[in-house]
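What follows is chain A paired twice: with chain B in the first complex and chain C in the second.
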Partner chain A sequence: MVLPPAGKKVVVSDQSAEEITRVEELSYELKIADVMSRDVFSITPDMPMHDVIEHFRQQRISGAPVLSNNTLVGIISMEDLIRCLIASDQDAIAEKYMTKKVITVRSTDPTVEAMKLFVNSRVGRLAVVEPDGKLVGIITKGDITRGLLNALQTDYKQEEIRRYRASHLFEDIESDRTSLILRYNIKVNDFTHGGAASTNIKKALLRLGANPQIARRVGIAVYEAEMNLIIHTINGGYLRVEIEPHRISIETTDDGPGIPDVSKALKPGYSTATEEIRELGFGAGMGLTNIARCVDTMVLDSQPGKGTHLKLRIFLKKEETVGEGWPANKES
Partner chain B sequence: MNLQQIIDQLELTVLTEKKDFSSIEPTSGYTSDLLSCVMAGAAHGSIWITLQAHNNIVAVAALLETCAVIITEGSMPDASTISRANKEGIVLLSTPQQSFPIVGKLWEMGLRA
Partner chain C sequence: MNVENIISLVQGKVLTNNINLEQEIIGGFGADLMSDVLASIQPGAVLLTGLCNPQVVRTAMMADVHAIVLVRGKCPPQETVELAELEKIPLISSPFGMFEICGRLYKAGLKSLEGCITEKPCNS
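Let's turn to the complex of A and B:
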């Protein structure tokens, strides 16, 4: 995340809002209470500075809050220690060298508030206090980093769990024949979303635990079929993918214009794409050839004036099965 | 050879988010501007060199899991294409040079088809 320079106002455009990363989201989701240190070593105002130095050294800390009757009265940091050492004044009490103006935050604030204060103030730690001034913790940049890393790790674990659950989908549901059907409406000329359905289908397959080679083959076949609907139809079409443990079936249906000569359309390099479409890199005449290469069976049914129906199937071997639900009656 | 060395040696501009390019090792190279040919020819983990810059290159690169796309002749993808690439984790690189010298230099560096 790039934080703006101190004092400079940044307008968040739609574009930059789209690019907000997971870390930025987390910095809003996580509260200071989630990342701060609670068991904080504190000192009293009358503690001699040489004791403070010794505590810092032994506990390997670089700052501590100063409490008087449980109320925060100051904070001592390395900088304060250095000032004391330069003055050779180690017998003085903490009160003399502590920073009295302490920057505080609330435990219920989002972590991003603490991040802003760190950027703008150059302090190393912030005191976390209750509305009545009682200290509940300390937050450092290190606490934030640790908190964000932990949260990201949890995210990662959750994705693993989702993947695990999805991969057991077929095993967990009992029926004579279980399948998962994904449906997409593809709009004509919608190049902006071109490839979205195939990308989503590939992700779904990987989440279901499909073999990456199978996911790639399905991805390529669906992409070409999807682009055919976008480029060549009158009203777009309908894409349906049925996932079963032993088979993946892909179908596209549209209502026109239909292919006048199917055998010609199947010839590598033959294309009816316009010059405009070709400039975008489509219309190589390789779409159906690519599909045929990626699937086990392909049936192309087309009637000029009526529409086209493409049916594709990929058969999975037992070791390539999606999920864990290989049917008992289909020992490979 | 890693992607960082390629970026440095070919003086490529990185259009997408910075990441640790030195840990990315391209497996091979592929060049074509026809997306269906790329679909058929580009290997997993390869570098794809093209002068196409519209948003469909991201879908193709994501489906094939190419490690980077080098966009030649100074073609510029629009902001939505770049943000889509960031979302899919695709590296987009740009150069004012034509595809031929870029491919030649990659070959000289030891990258093969």
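Let's turn to the complex of A and C:
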């Protein structure tokens, strides 16, 4: 099997923000040496064409390099064979029909170099040579496809392993009570990055093997809480999510300005947002209502002039547990 | 109905690369206030909105939205497009207004994914 170059970890990550695809990336990462065929069958310039045809048939190949004293002098492809057959000239020697202008590449070149040559030249195979002209292999479009597929499969396996490890996190670690705490500092008025923490939290939960509905409930609650820190605080705030197999606890803390009338703030549609904030798509007056709808318990503690502390909890049923580590003493 | 059908019904222009045209769309939802979206949307919807900032994509991500249609030919800022690509949510711009798009999709058989609000409206 062809593996990616040693020392280079090839992993498909959730963060693959690049506009280029993974295949395009791999075509730069994989070197020609990683995908080419070595130990290729070669012929000599003086081999009669009927022998060449017989070799091609027996070995089921469609082309071969022609070597004279270990030096590359040409290449014979199906096209050359057809020309020979049309002329009924099978007794001629390979030298007569071989293509003398051989396109070569270096084994250290990235695979994309070979791709470019295939696109521009319409040949079926390229000779891979060392700087001294010695042939080290042959590369075909099939070799490239196989190399890319193998690399993608390796990516996929590594990603599977990572997912597996994450989803077994809680059962692999032994303690009386294990939890994973995620912390984020949220800046006030940072609408560009607003929601980034929530996105990461939702992804973390899915990676830990949480049920999608739980991830959605947590995602919506945290997103509203995060946007509240961005819109309504003086100095931003602090977001903390504690993940346990049976419970998810979310807390936000800020140092002001605080909510003057908490019962009003909890009414659906009640909003103190400015017209500017509404133009950004916020201030529907549904934030706290949405949060309350998504969580099992909500405690809102706010003092004008001091700040607000929001505590949310979502309790998981055994079948919804995160990370397959439902505590043995919590049988439901 | 899938993403490809939606694009053709709204005569939309796709703004993100590498989208899955086969992705199924279960229903539709139209809103410009993101908390309204989060209040009642069900998973698998196409979100119709006049809002163009990156929060649309964040909201879509939280609400498991399968495609976003920007109404009235809006052209979003680059960061919105980039985020949509990162989160693999198709971003489509349609020349029509919100009412027209809702009508076209509804007429073509797309159901509403706007859950009814259970609380009494305007309990004054």
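The rule is short, and it goes like this: the second predicted complex is superposed on the first by the 295 of 332 C-alpha atoms of A that agree within 3 Å, B and C clash if a C-alpha of one lies under 4 Å from a C-alpha of the other, contacts with A are read in each partner's own complex, and residues count from 1 in each chain.
Operating definition for what follows: contacts are C-beta pairs under 8 Å (C-beta built on N, C-alpha and C of every residue); 3 or more make two chains touch, one makes a residue touch a chain.
Computed from a predicted structure; not experimentally measured.
Undergrad: Consider chain A as the common anchor and indicate whether chain B and chain C clash or fit when overlaid.
TA: Partners clash after overlay.
Undergrad: After lining up the shared chain so the two structures overlap, which partner does A:I220 touch, if you call chain B first and chain C second: first, second, both or neither?
TA: It touches chain B and chain C both.
Undergrad: Quick check for you: in the superposed arrangement, does A:N290 touch first (chain B), second (chain C), both or neither?
TA: In the superposition, A:N290 contacts both chain B and chain C.
Undergrad: Just to be sure I read the superposition right, which of the two partners does A:S198 touch: chain B = first, chain C = second, or both, or neither?
TA: In the superposed model, A:S198 contacts both chain B and chain C.
Undergrad: For A:A87, using the defined touch cut-off, is the partner it touches chain B, chain C, both, or neither? Pick first, second, both or neither.
TA: neither
Undergrad: Quick check on the output: what are the common chain A residues between the chain B footprint and the chain C footprint?
TA: 15, 19, 191-192, 194-196, 198-199, 202, 216, 219-220, 223-224, 227, 280-287, 289-290, 293
Undergrad: Once bound in the complex, which stretches of chain A touch chain B?
TA: 15, 18-19, 191-192, 194-196, 198-199, 202, 216, 219-220, 223-224, 227, 280-287, 289-290, 293
Undergrad: Touching residues of chain B toward chain A in the complex: what are they?
TA: 33-37, 39-40, 44, 50, 52, 54-60, 62-65, 79-80, 83, 86, 88
Undergrad: Quick one: which bits of chain C touch chain A in the complex? Just the residue numbers, please.
TA: These residues of chain C touch chain A: 17-18, 32-36, 38-39, 43, 49, 51, 53-56, 58-59, 61-64, 79, 82, 85-87, 117, 119.
Undergrad: Applying the document's contact rule, which stretches of chain A touch chain C when the two form their complex?
TA: Chain A residues touching chain C: 15-17, 19, 21, 191-192, 194-196, 198-199, 202, 212, 216, 219-220, 223-224, 227, 268, 278, 280-287, 289-290, 293.
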